[in-house]
Structure formats: structure tokens, C-alpha cells
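To keep things simple, chains are lettered A, B and C as they appear, and every chain counts its residues starting from 1.
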Amino acid sequence: MGKYILRRVLYAVPIAFGVSVVCFSLVYIAPGDPLQTVMPPDATAETIAIVKHAYGFDKPLPVQFLIWLGRVVTGDFGMSISTRRPVILEVSQALSNTALLAMFAVPIAFFIGYVMGAVAGSYAGSWIDRVVTGAAVVGVSLPNYWLGIVLVILFAVQYMLLPATGMGPHGSTSFDLLQWSNAKFLVLPVITLAMIPIGILARTTRAAVAEVRNQDFVQTLRAKGLTEWAVTRHVLKNSLPQVMAVMGLQFGYLLGGSILVETVFTWPGSGFLLSKAIINRDVPVLQGTILTLSLVFVTTNLIVDLLQSLVDPRIRRA
Amino acid sequence: MTDTIVLDEPLDTFEEQALPATRVRGYWQSVFYRLRHDPVTLAFAAIVLLIVWAAIFAPLIAPFDPYKESIVGRLKPFGWRGHMLGTDELGRDMLTRLLYGGRVSLLMGVVPVLIASLIGGMLGVVGGFAGGRTNTAIMRMMDVFYAFPSVLLAVAIAGAMGGGMANGMLALTLVFIPPMCRVAETATTQIRSLDFIEAARATGARTTTIIRYHVLGNVLGPVFIYASSLISVSILLASGLSFLGLGVRPPIPDWGLMLSTLRQSIYVVPLVCALPGVAIFITSICCNLVSDGLRAAMGVRM
Amino acid sequence: MAPSNFLILRRPRRGRLEGRTALAQRFLTVLVLALSSATAQAGGTLTVGMTAGDLPVTTGNPDQGFEGYRFVGYNLYDSLVLWDLSQPEKATEIKPGLATEWQVDEANPKRWIFKLREGVKWHDSCDFTADDVVWNLAYSTNDKAPQFNPAQFAQARSYLGNFAGVEKIDDHTVAFDTKVPDSLWPYEISYVPMISPCRANEVNYNWTEYALRPSGTGPYRYDRAVPHQRLEFVPNTEYWDKTRVPKQDRLVLIPMPEASTRTAALLSGQVNWIEAPSPDAIDRLKAAGMQIVTNVYPHNWTYQLNFVAGPFADKRVRQAANYALNREDMKELLNGLMLEGYSTVPPSTPYYGHPLLYKYDPEKARALLKEAGCLPCTVTFAISTSGSGQMQPLPMNELVKSQMEAAGFEVALETMDWNALTAVAREGIDKYPQYSAINVSRQTQDPFNALIRHVWTTAWAPKGSNWGHYSNPEVDKLIGQIFGEFDPAKRLALLTKLNETMNEEAALIFVAHDLNPRGLSPKVHGFVQAQSWFQDLTPVSVEP
């Protein structure tokens, strides 16, 4: 068991390295000179040469990569070009704001999706199954940012129940979850963000429940004389691991893929930071954000894998 | 329910007597059979075909010019002066824009999935069949890209390359190659160890022949199903990219871009502004349901 | 927003109230909050949704265009010369700021003597003296000085084109030297805010730290900021102009570059002031009881052209572009919220004169293009998605594109962020030769910025705002005369001649003049919209 864990963790290292290579090279596949963004306005050729040397842009690419990697490993992501704040600070603040959304969206999605999927799976083939599955499909087929816009028009503008944008009445740094005046900013973004996970979790649960029901032990339970409800409880318990695995993956996915929803709600999270960095061509923030988000995703996947194998030793991927 | 041959007269000739008593149905026949008796999937498949047909023949069936603006006729509701679905913020006919937009959106939905299936499928089959070091190398490479959430990767690549339709398609293709590769590799690995492959090898068949005749046929099923489920994801991702400004540039009609530009006018004609979202939704959900139906018919477990 | 939540006691972390002292403490806190909240109702909090994509910098000359000046530059800081924003019926003029009077030196027309205001204190309590003025000019121009800030140099450059030097005469008098005799110098120095050398020294010239603790002489003090999200100011009760101590309790600035977000924020009550609402949302805003205020102001929505490379080097092509535009249609696009633009300055400007007007005539445009041998004529415009004074850039540019293409052009639009576009504008065509034109709205508040900087050879970017490197010896001569003419009447005639020449030369593509729309909640009182890019927020109060 311990060896498996060690193997799995060690395996993540080359993945992380590959991820860093991809992040680093993203900047260089971009058209235009990355140097442009860090240069003072009217630099002479001499100044350009000096800055090039200071940033190490005159060295060959692999060497530049290693230098960058070295700094990154010690936590130095450089300075944001637009705000001159340390990138690590920007990214960590933004990430914690997105994590707040994900922390609410995923459990909500899990509860709703699991119930839906359990119902659908238990009555597989009937009209209930079709209706619930249909609803789940709706969840994954709707452009969630569009839903967000519609929700804002309805609840913020039309009925003035909830705020339209931002995170908290005083900004994200003084966001107090325990006060409704702050917490109400969470409602619409969380609903919007939860939509796709609800659909995915419902479908996964349905498939898992339907599959477990077909297994032999269910027949055995019935033969032993258990009530249908007791049988169902067993079925649900056995389908839980698969679904929880997907839920864990969804959490990591939401952390990295929240950009559309955050743009609509101007939520100061990692996705929003990324979109700003792309627009401003703020290279250090771009690299730092993408690297952090993907490493978080890798770590989440790793944890989910390990937890899964702990819970069910049969599931051990090579 | 099998087809039985009803005998009116006893069999006379040897040939007749040698016929099997029941007609054995082939794999594909059973697939089509199941589909034929699945009205829901057929209905949605018809809608998808209708959407595709409308997009292809947009220039012929569209009532107006998608680029013709009319300041006087801006943001008009349904039915105004022959504009069945109203006009947009520059006075262009919405129905026409939606039809033409469908071309772009469907293109950006299908092409990346197609290319990713080809490339990813190929890589997966090669890796799965070769096994060992090659397989490990290929799958590790794929794992690196798997490490990125798809939205993040698509936005990062499209954003780094500067946006535009081609870059968007490139970004989406790169996002879909790893999952396609993994599906193909899993299927190939499962097939590879089966007896009939050993038998084929024992008879001296070349590797390419084995792949062509035995492996591909079995891998195609899962790959096709998975690809069909990706189309809806691709359409949604592509529209998201356009919404962020990383997709096609104005004035080219595209559903995601239209959603973005119509956002400001939502107080004037809310129903008209909601239309591109409806179009994305309908296309996406139909593709999803058809994909689900195909999966059930083909008996593929993913 | 404040009243409803302080009554909800925060759930104590440990789960139990510990003892009577804790209870008493809690009661006292609630009482204090209640009282302060009650007094807070007097002036209210003005929450502004700006079109800027991010918070303007607080280190002196702000970025994010004139919106930065409007909300940060002239609130935290003062310049030696300020603008009179109290009279909405007239075009704004300059008035004394940190300087009480100024005049050109009799003996030397290249020298201006400014008398400084006495008794002014910085927010950090140091005294304002002539040394501070000298320090500030070195801060943004002298790269040998220890306080030199290259970012400020870039921002201030376009206003200090004629700056040659500054000298302290005594503790309350300074003398400016200009490169050429410049009768317009007081206008130019009005755009240069003064920051506190005391505070700068305190932070050891660490500008990142200074940005979080700025100190000026302005009517507002910096209170707090959440990066990218909000900037909060409180009144400077010791402001030297007692008529302009802010009446509200707090000013909150929030960047909202998307018009639909601003509209939703105002309608949902999240903000009580928005800049530039989308014209299509105006009816909805009015129906909800919002005040929509407009006024003509010195604004020009235009395209500056590349005179060196590309089709616009040919005057006929420039004229063709102007003839191709149907400005009435553009006005319809904006629900009437604009003035058709046929010249660099709006017709209400004193030196408008009788310029050649390029009325809509696509056939003439096509004929001109044919004559110039450029049919179809391929051009690339650099445009932004939003920004201070940019109005509704995306639909407007799409309309311009389709109108020009109907006349024989082929227009490619390259979209970028507002700050990125202003950077392109600052650098000029040397660095960005691929653009035929840039769509940067220009302020025309004073003669230098209205006319001269577009066509003066000395103002070639990156030294000034002559983005496309227009050069015409006749025009340069005329400008020299303007600078040297200290008699206002005679100068006006020369300025009129300059405006008419610019039209004749089709030095810009003339499109529109904005009407400066803003949306205010019905609870906002006291605002007077001046005919200016800058607005005085100090008389505004917000009822609860």
C-alpha cells in the first residue's frame, strides 16, 4: 500500500515538470516579443540590451527555462507588470477567492446530482429515469455563462434580491462569510458554477447506481429478504466511491476552469486574473496563474486517486 | 426477438436443409435495430441533421445578408418587417446571423473533435498495441496535457496565440487529443491481449494487417461514441472562447460572440438577445442525447 | 448598505460568550457602530462604477486615461493650475490651484513665473513649498534624479513636451522655462499633479509602497484599496479650498469595463453612479428612476492617422475616409447620445471657425480613392474594447468599418485593452508601423491638446501625441506664432486658422463628439456636470 502511494506521488513529479514546460513555452508561442511588455516606454538599443541581460532573455531558451524553474520552485513567480505586486501574492489571493466558490458549488452539486442520479438509476428505464436524465443533460448542455447573465438580469436587476457583480460590499479582502450582506454575493456565481457539475454528477451517479444494481450481490440481498429500501441503501453505499472520485475531480476542474463565470460576475478569482493577464499580456502573471492552477489540478487528481485506492483496493490504476 | 424462418413446406434440397434455423444478426445490424426502435434518439438525431443542413445551406435559405446593417432597424423584436427573429444591435437580421453563426459554431465544434480523434486515436492505437516503453512514453505525454482543466488549457492556448478562429480550433484540438488517445489506448489494450489476436499473429499476419482488420474495428466503436459526446463540449468551449473575445472576430457571426455583443442590449429586446444562447443550448443538448442514444445502441460501456 | 448588518452579531468562534466583560464589550461595539453609522448617513457613500479596466495608479499622473484624472488624479492631488468645474453653461477654463497667479516674464518670453499658494499642507502634514514643485518636475522628467519614476515619465510626457526646466525663486515662487515661447504653458502644467516629497522620502522612493500610502494636497485622502477591485477615499477636512471639502463621507471607485455590468450594478443598487451607460440601456435606467445627466464637452471621438506608411499618407485617401462616414447613422446607433463630428473640436469651441465639412458622400469617397490609386484601400485600425471617452467602441467601429467598406476601403480592426491602446498611442508609429490609424478619443479642453499636439512636428510620438508623425512646415510656423502670441484675441484668430487648416488637410478622421452621459441613482444629490472631462465630486451627497 505504501509503495503504491509512493509510486503514485513520484509519478506526479514528471507530470508537474511537463506542466511547467508547457506553461513556460506558452509565452513564447505567442506572437510578438515577450520583452515588449517589460520594457520602459522609450528604451534605446542600449537600454534594451541591458534589460535583456537582466531578465536573461539573451540566454538560450532551455537555460532561461531552468532559471525560471529554479525561481518558481522557491516560490518566486516574479512581479506583475501591471500592478508591480508579487505574482505569488496575486495568484494566491485570487485562488482563495475561487476556492470559496468551488467549496460551495461542489457540495451543492454533489447533493443535488447524487439524489438525481440515485433516483434515475434506481428506476432505470422508466419515465422517471428519462426525466431526471433529461434534466442532467440540460445541465451539461447549457452555456453556464449565459445562465449567469440571465440570473443577473432576473435576480439582480429585475427583482433586486441579489447583487450583480463583485465579491462582497467591501472587496474580497474583508469578505465575511457569516454576514448575509457578504454571503449573498456568493449565491448567483455558485449556482451558475454548480450547473455543469450537477449534470455530470447526476449522470455518473445514475450510471454507477444502475451498474451496481445489476451486480450479483444485489440479488443475494433480495433473496435474503431485505426490503427494497434496504437494498437501495446498499446499492447507494457501493456506488458512492465512484461518484466521490468524480466529485473530487470536479473540484479541481472548477478551480481551474472558472474563468467564464468569474468574467460574468466580475468575481476576483483565478479565472478572472487569468483573463486580465491575457488582455494585458502580463506575462509573469500568466505563467504563474496557469502553472499554479494546473499544479492544483494535478494535486487534486492525485489525492482523489489515492483516496479511491484507499477506499477500494480493487481500483489501482497502473 | 430473433427472426425465425417460417416453414410452409418441408425442406427439400441439401442447401435449404443446411440453412440455420434462425437468421443471425450481425453487430451493426443489431445496432441499427436498436436505434430504429429508439424514437427519442431518432428524433434528436433528426434535429441535429436539420441544424447541420441549415448551417450548410445557410446562404441559400437565409432571408437577408448577415453583414447588412441598418441603423434604423436596430434591436427590433420578432416579426418586425419580415425579420422573423428580430434584428441585432447593428440592425442585421437575427435569423440570418444565427444560420451563418451555426456554420462557424458547428465548424468549431466538429473539426477539433475530428482532428483530435484522428491524431489521438492513432496515437492511442499505436501506444496500446505496441505496449511497453512506447505506450508509457505516449501516455505520459498525454498525462501532462491531462493535467490542465480543459477550459484553462483552451483559454491559455487561444489567449497566448492571440485569438481568432484558427487558433481557437487549434486550442480545442490540443485539448481533446489526450482524452481521445486514452480512450483508444484503453480499447486497444483490452483487445490486444485477446486470443484471436494471438491467433492472427501465429498465422503470420503483419502488424498493420492485424491492426486494420481486428483492432480498428473494435476500437472504432468507443472512439466514435466518445467523439460524439465531445462535440457538444467543443461547441460550448468554442462559444466560451468567442464570448471572451478569443474566438472569431467581428463582424463574423458566431453564437458565442453574438452573446457577448448583445449583452448590452438585453434591456431593449431581451428575447432576441437570448437567441444565440438558445441556439447553443439546442445544438448542444441534441448532440448529447444523440450521443447517449448511440452509446446505448452500440452497447459500449465507457 | 451599512445599517442592516451591524445588528447581526458575529457568531463567536468559540461558541459561547465568555463572561460579562465580553458581553459589555459586544454591547459597546454595537453602540459605537450604531452611532457612527448614524452619523455616516449625513453625507453617504458615493460608489462609482468606472469604465476603466483596473484601478488608476495613485503615484501622481494617473493612467486609465482622463477617467484616472477625474476620479484619482484631481481627487488625491492638485496641480498648480486647476479647472473651474462649477459652471455647466460655459466651456471650462483654468483657475488658480496650488498657484495663485502666473505671468510670463517680461524680459524673457520663455519663462513663466508662478506664485504659489501659502498655508497648504500635504495629507501627511508637511508644508507645501516651491522645493516640492521642483522635486515633482524632476520626479517625472529627470532620469538622473533619485526620485525619477520612469512610469510617471511615460504618463506625464505628453503634457511636458515644452518643459525645459524649473527653478525655485523663493519659498513660494517658481519659474518655469519652456523650450519655445509658450503662451499656453499654464494649460499644460494643469495636467501635472503634485505628489508629496515627504511621503516619498518616508517610503524611500519605493513606488509600490507609495501607491498604497499616497499623499497629496487634494480634497480627498486615500483610505484603502483592494487591488483590481476598489479604491476608497475619505474627505480631506483640512483642504485649502473650504468650498470644496467633500460633502459625502466616502468615495468608492470600482472598475467595471463592461457597460452591461455597470448598468446591472446601478439597477441593482450596488453602485449609485456609473460612467457611460450603454445607450440602449438608457430607457431602462430612466424607467427605474435613475438620473441620466449629459452635457456637451471638449471631446473628440476620432482616428489619428499614420502619415508615413500606408494609404493615409495621401490626402485624398484621408478625405475619402471622411466622406465615407454617415454620421447621422452613427448618432442613431447611439440613441442620439452624440454630436456629429465634422471637425477636431465641437462647434461650441471659440476657435471653431468655418472649417471644410466632409458631409456624407460615398461616391465622392470612391472617386477620390480611385484617383489616389487605392481601390480597394486596405487599412488596419487599432481599437479598444472600452475606456475613458471611448464611448461604445465595438459597435461604433463596426459601423465605421461597414460604412468605409461601402466606399471602397478594406478595414481590419485590431482590438485590445484600453491601457494597451493608450500605450500604442504613446509610442507612435515607429514602434507600431502596422497600424494605419488608431481610435483614441481625445480631449480638446485647451488649445494645445485640442489642436497643436496632433500636427506639431515637435510633438511627434513618443515625445508627444502626434501619433502618425504629421509634418507640415506651414502648420509648424502657425503653431510657433500661436505660442508666441500672448494677446488672447489675436491668438484666437490664429487658433481658428489652425482648426480650419486641419480640416482642409483631413488630418484626422472626424466622427463624433460625446455627450458625456452618466447614470446616477435618485439618491445622489448636488452634482453639477461641467463641460469638461473632469468633474467635481466634492458637492455630491448621497441620501440613505
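Details
By definition in this document, a contact is a pair of C-beta atoms (placed from the backbone, for glycine too) under 8 Å apart; a residue touches a chain by one contact, two chains touch by 3 or more.
Model, not experiment: these values are computed from the prediction.
Inter-chain contacts peak for the pair A-B, counting C-beta pairs in contact. A simple rule picks the central chain: find each chain's mean C-alpha point, then take the one closest to the mean of all protein C-alpha atoms, which gives A.
Between chain B and chain C, the centres computed from C-alpha atoms are 50 Å apart. One inter-chain figure worth recording: chain A and chain B are separated by 24 Å, centre to centre, where each centre is the mean of the chain's CA atoms. For this pair, chain A with chain C, the centres built from the Cα atoms lie 39 Å apart. Residue positions of chain C touching 2 or more other chains, listed in rising order: 260, 263. Within chain A, contacts with two or more other chains are made by residues 149, 153.
Each of the following residues of chain B touches two or more other chains: 263, 266.
Across the complex, chain C meets chain A through its residues 1, 4-5, 8, 10-11, 53-54, 150, 153-154, 157, 207-208, 211, 226-230, 254, 256, 260-261, 263-265, 267-270, 416-417, 419-420, 423, 426-427, 462.
Note for the complex: chain A touches chain B at residues 14-16, 18-19, 21-22, 26-27, 29-31, 130, 133, 137-138, 140-143, 145-146, 149-150, 153, 252-253, 255-257, 259-260, 263, 274-275, 278, 286, 290, 293-295, 297-298, 301.
For chain B in complex with chain A, the residues that touch the partner chain are 40, 140-141, 143-145, 147-152, 155-157, 159-162, 232, 236, 239-240, 243-244, 246, 256, 259, 263, 266, 270, 274, 277, 280-281, 284-285, 288-289, 292. Against chain B, in their complex, chain C makes its touches with residues 258-260, 263, 278, 280-281, 283-284, 329-330, 332-333, 385, 392, 394-395, 398-399, 401-402, 413, 415. In the complex of the two chains, the chain A residues touching chain C come out as 40-42, 82-85, 90, 149, 152-153, 156-157, 160, 162-167, 169-174, 176, 178-181, 266, 268, 273, 276, 279-281.
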